[in-house]
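There are two complexes below, and they share chain A, which is joined by chain B in the first and by chain C in the second.
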Partner chain A sequence: MTNPALSVIGLETCFRIRGRMVPAVSDVDLFVDKGEIIGLVGESGSGKSVTGLSIMGLIDKPGEITKGKILLNGEDLVSAGKERLRQIRGARIAMIFQDPMMTLNPVLRIDTQMMEALSAHDSRIDAETARTRCRDALGQVGIPSPEERLKAYPHQFSGGMRQRVAIAIALLNRPDIIIADEPTTALDVTIQGQILSEMQKLCRDTGAGLVWITHDLTVVAGLTTRVYVMYGGRIVELGAVDDILDRPIHPYTRGLIRSVPWHNRPGEPLYQIPGMTPAIDRMPAGCRFHPRCALATPECRGDIPLSAFGPGRFARCVHPLVEDS
Partner chain B sequence: MTAYLLRRSFQTVLTLFVMSVLVFVGVYMIGNPVDVLISASATPQERQDIIRAFGLDQPVWTQYWTFLTNSLAGDLGNSFVFNQPALKLILSRMPATLELAFCALVLAVFVGIPLGVWAGLKPDRLTSRMIMTFSILGFSLPTFWIGLMLVMLFSVKLGWLPASGRGQTVELLGVPVSFLTWDGLAHLILPAINLALYKVSLVIRLTRAGVIECLQMEYIRFARAKGLTDARIVFVHVLKNTLIPLITVIGLELGSVIAFAVVTETVFSWPGMGKLIIDAIGNLDRPLILAYLMIIVLMFSLINLVVDILYSVVDPRVRLEGGSE
Partner chain C sequence: MPTPLIETRAVSRVFTRKPDLAARLANLLGANQKDIAVHAVDSVDLTVHEGEAVGLVGESGCGKSTLGRMIAGIDRPTAGTVFYRGVPLSDLKGEEARRAALKVQMVFQDPLDSLNPRYRMGRLVGEAPAYHRVRPRAELNGYIDGILRKAGLDPSTKDRFPHQFSGGQRQRIGIARALAVEPDLIVCDEAVASLDVSIQAQIINLFMELRRDLGLSYLFVSHDIGVVRHIADRVMVMYLGRIVEEGAVAELFSSPNHPYTRALLREVPRLDRRHATFNPVKGEIPSPLAPPPGCHFHPRCPFAKPICRELKPELRDIGPGRRSACHLNDGNA
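Showing the complex of A and B:
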């Protein structure tokens, strides 16, 4: 097997809460092959964004990556220097954020914001080449009359178009990995669908690996190959997407699936997992989901490792919903 | 644009009108200028002559009507005290005040913005704390007290800088200025610092707040995700967003620096408009008070207009209402 483009090994990221360093994510292992699309799914507050930002090296002090490795094509980013990280960011790994209304600087023109992404990684690039590449990138993400749009300001674009601009910027340097942190959550459903299928195509064309972060399982169904389910800052289940949707192992995953509207019969109220994701300094011992779980027993308070349930299929649960094969 | 300018001009005229009515009524109620102007030993005949000469025997609305018709013809009346055209008196004192005010504002900008940016970027550093302490002092210590301390230290104790007057002036485009001669500059330094201190503090605080707010914006995170250097992020992304709102404040402060230079001018015997108006108020010299206030109102309106236009030029999101493409 070839080395994955990105692998995260035993990641732990802490934040300072009332003077104490508290892990927001811990024990996170994941990998993305070249050109592969994976899903990172979980309720709000489960640690998806922190994982994405850790990979980007964008955790601000007093937050810190306290354990683990992040290997990009074999190079460890956790131990890399500040300048090296900057060179990698935006060139080898790019990130797109949730709110398209906020990701572009309101007072700078689109061409400024695009061309600086090129010159940051290639100081010798001439303006003409840079411009052409920016124009092509805008065309690639489906923005009409890109030449004129280059001169526009962000407020002259709709939300969907702004997210396309952000995607175009992320793609400019042909990164190996793109981390998309709920980029369609703030958009309406039709535009969501368009952007999703375009992203899929763009990743296929450019060979970039994609980490698609979402709280919405419907989104990952048609898009990704494998899915990581996150809860309380840990990966609680992973596997091929169809497998997870058809036969969830962790009761939390089943709860997520059930709370998606498509499983709902007309007239029946939408299912909701009872309770809420705990704050990072209030995490229960053992399985972090057990206080909200119908199947919980005293055993759930012990240490529960991620165990195998078939090839590429893992879950962190002592009451798995399917039998070990 | 023309419609916009017309509307603004109309507003200014309306303001001038309302202000002049208020001042007329106000001065009328405070007291009779004749009591201040005429020595106690004057005969009743002399008294009557002067009252008639000033038109003070007329009912107040007749006096106002005379003022209004004359001022429309550009004549704001003669000063009761100096018996010279009030407008000419004020204009002859204006360059001194303007020079002082501009120097103070330039100081506020070139000292306040860099300090504010630093304090915003590194809020936890000792230097930042010192800057903030300085700004609190600048805010809370009374201007006249600081002025006196400056005189005590630099003029009386150390003998480095002169304590009063404008020093040697030269004509620049027909206007006498101090800052082009060494002697004039030496005279200018202390009053300019004195007048600037409050504004420096204000600019530091506003800049710092703006920088801190801007750093938390999603577009800064996106800029970092693009791999931009820290220098580019600070000097292009942060600075532009912070300075745009500052333009309004600094512009409006120019008006208030001019209007409230009174204290500094008094402490340093600076021969500007401020000193003139203080004396005029003491003597109830109504034409002089009115002319001064009219000029101040005009100046504020003009500054406001320039600030608004400037703002619409630098901030792409702002378009002047009532304007056309």
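Showing the complex of A and C:
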């Protein structure tokens, strides 16, 4: 295997809760190749967003990365200094959030904000070049008449257009990796379709690797090539998207797939996973899913490693759903 | 045909903003500035029969929530009439109006926004039935406990505040509160949209169970086509304030007629659509402040003809129980 653009090795990120350091994610291994789109899927509290923020170096006190490495083109970001991180962030690695207003300053024009993102990483860039690049970036994400739109303020854009601006800013410095945290969740389906199509094209054209963080398996199905499923702060299963969706190994993944309404017969009771996701400071021992799992046995309370089930196919389960061959 | 439980006839809702002082002064000086008007709902006919579950789908700004709110009596139409069991709601007075209002309840998207954070759960659910004397005072406690159990809540948690419940349980509180006044119809406005997939399945199952056990009817307002397809018998598709297509779930989803419905269904991400090359609808949803003339969808429609730009298409029968508002069906386009 060639060196992946991004590899996360044994990541653990803790938060202080009632005086105790509690891991929000632990034992996370993840890699993304150039131009590859991976899905990081989980429900609220699964640690998917914390993983994304850890990669970006955006974990604030009282949170802290306590273990592991994050290698971007071979360089460790966890041990990198503040100044180095500032250079990398926004240039080599960029993030898109669910709410574009989190990224955009409401009182500055789009061109001001975009050119700032360029000059922050290249102090010698001249205004003319910067302007051209900003205009091209807006055009690239499908904003009509980018020249005029550069002079607009964020509130003059619709929700979908604002998200495009946020994506354009993320792309400005041609990053190697883009972390996208639920960027289409708040958008309408027809607009979501447009953005997914742009993202696919952009990754193909620019060679950027994309980590698509979402709770929505159906989006992952169309967009990604590989999927990581998270539950209770750990990766419970990973593999090619077809394997994950057609032949899930972990009972949690199967439960998630079965509860999608479109895949149940209309009017019949939906498959439901009993119980609810555990709180971060009250994680069950062993497999975090065992209290909700129909297959659970006492063994599930022990330490369960991520084991291989084929090339690129891993799951963390002592009762894997595979037929013996 | 029996009298429908709820019927709206040519119901519209226009929101207007009165001109501010500066605009009024400008008008005095001869500038002719008009009131800004949004036609949120534009002459909609909708029926829900006893025991039926109707889905209302559409994207943001299409007026589906406003329509739901008018049916639930939270908002009033600016034109047209809402009938409850054949009686116009606007004709009812006093006690009768109060009774009819109770029969249609609403469940909202975000339970934290719709539950008073300072009320304990028992009071949240019990206040309305106590005030409206749904049961004699002596039986009230037992009645509330029964409702809570039906909604999947433990009556022993009655003393907790909303923030002490999880998202799924809070939605159950919202449902229990609606059930407590013995409604005929529940209007669910994006009631499962903010829940996690596994919790969403639990709540959808609860809605279906309640329908079976209590004979409830639903108006399910949602942008989530998968959820509506699962729970509803009949669907209405809205675009910019108008119904563009309506039909039984199975037929409408298997053979959509209106170009907007077709585009919408094509865009729905599904588990069996892998490595998709997305072929999205072009363009933005136009602002309801300035909807395009003729068919509202024509600027985004790949089949638009000159007539679509000029004439509003009527919602016409295109088969048993199927209606669609598209000029292409008339053959005169």
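Note that in this section the second predicted complex is superposed on the first by the 316 of 325 C-alpha atoms of A that agree within 3 Å, B and C clash if a C-alpha of one lies under 4 Å from a C-alpha of the other, contacts with A are read in each partner's own complex, and residues count from 1 in each chain.
In the analysis below, a contact is a pair of C-beta atoms (placed from the backbone, for glycine too) under 8 Å apart; a residue touches a chain by one contact, two chains touch by 3 or more.
Quick caveat: nothing in here was measured; it's all calculated off a predicted structure.
Enquirer: Report for A:A24: first if it touches chain B alone, second if chain C alone, otherwise both or neither.
Expert: A:A24 contacts neither chain B nor chain C.
Enquirer: Now for A:M95: first (chain B), second (chain C), both, or neither, which partner does it touch?
Expert: first
Enquirer: With both complexes overlaid on chain A, does A:V211 touch chain B (first), chain C (second), both or neither?
Expert: neither
Enquirer: Check the residue A:L138 against both partner chains and state whether it touches chain B (first), chain C (second), both, or neither.
Expert: Touch status of A:L138: no partner.
Enquirer: Mind telling me which of the two, chain B or chain C, contacts the most residues of chain A?
Expert: If we count touched residues of chain A for both partners, the winner is C.
Enquirer: When the two structures are overlaid on chain A, which partner does A:C300 contact: first (chain B), second (chain C), both, or neither?
Expert: Once the two structures are laid over each other on A, A:C300 reaches no partner at all.
Enquirer: Just checking: does A:I169 make contact with chain B only, chain C only, both, or neither of them? Give me first, second, both or neither.
Expert: Only chain B is touched by A:I169; chain C is not.
Enquirer: Scan A:I55 for contacts with chain B and chain C and give back first, second, both or neither.
Expert: neither
Enquirer: Scan A:H155 for contacts with chain B and chain C and give back first, second, both or neither.
Expert: first
Enquirer: Could you list, by residue number, the parts of chain C that touch chain A in their complex?
Expert: 59-60, 166-168, 196-202, 204-205, 208-209, 223-227, 229-231, 249-250, 263-264, 266-281, 284-285
Enquirer: Report the residues of chain A in contact with chain C in the complex, numbered from low to high.
Expert: Chain A reaches chain C through residues 43-44, 158-161, 188-194, 196-197, 200, 215-219, 221-223, 225, 241-242, 245, 255-257, 259-264, 266-267, 269-273, 276-277.
Enquirer: Using the touch rule from the top, collect the residues of chain B that touch chain A in their complex.
Expert: Residue positions touching the partner: 217-219, 221-229, 232, 236-237, 240-241, 244, 314-317.
Enquirer: If you look only at chain A, which of its residues touch chain B in the complex?
Expert: Touching chain B: residues 56, 58, 86-91, 94-95, 97, 99, 102-109, 112, 116-117, 120-121, 153, 155, 166, 169 of chain A.
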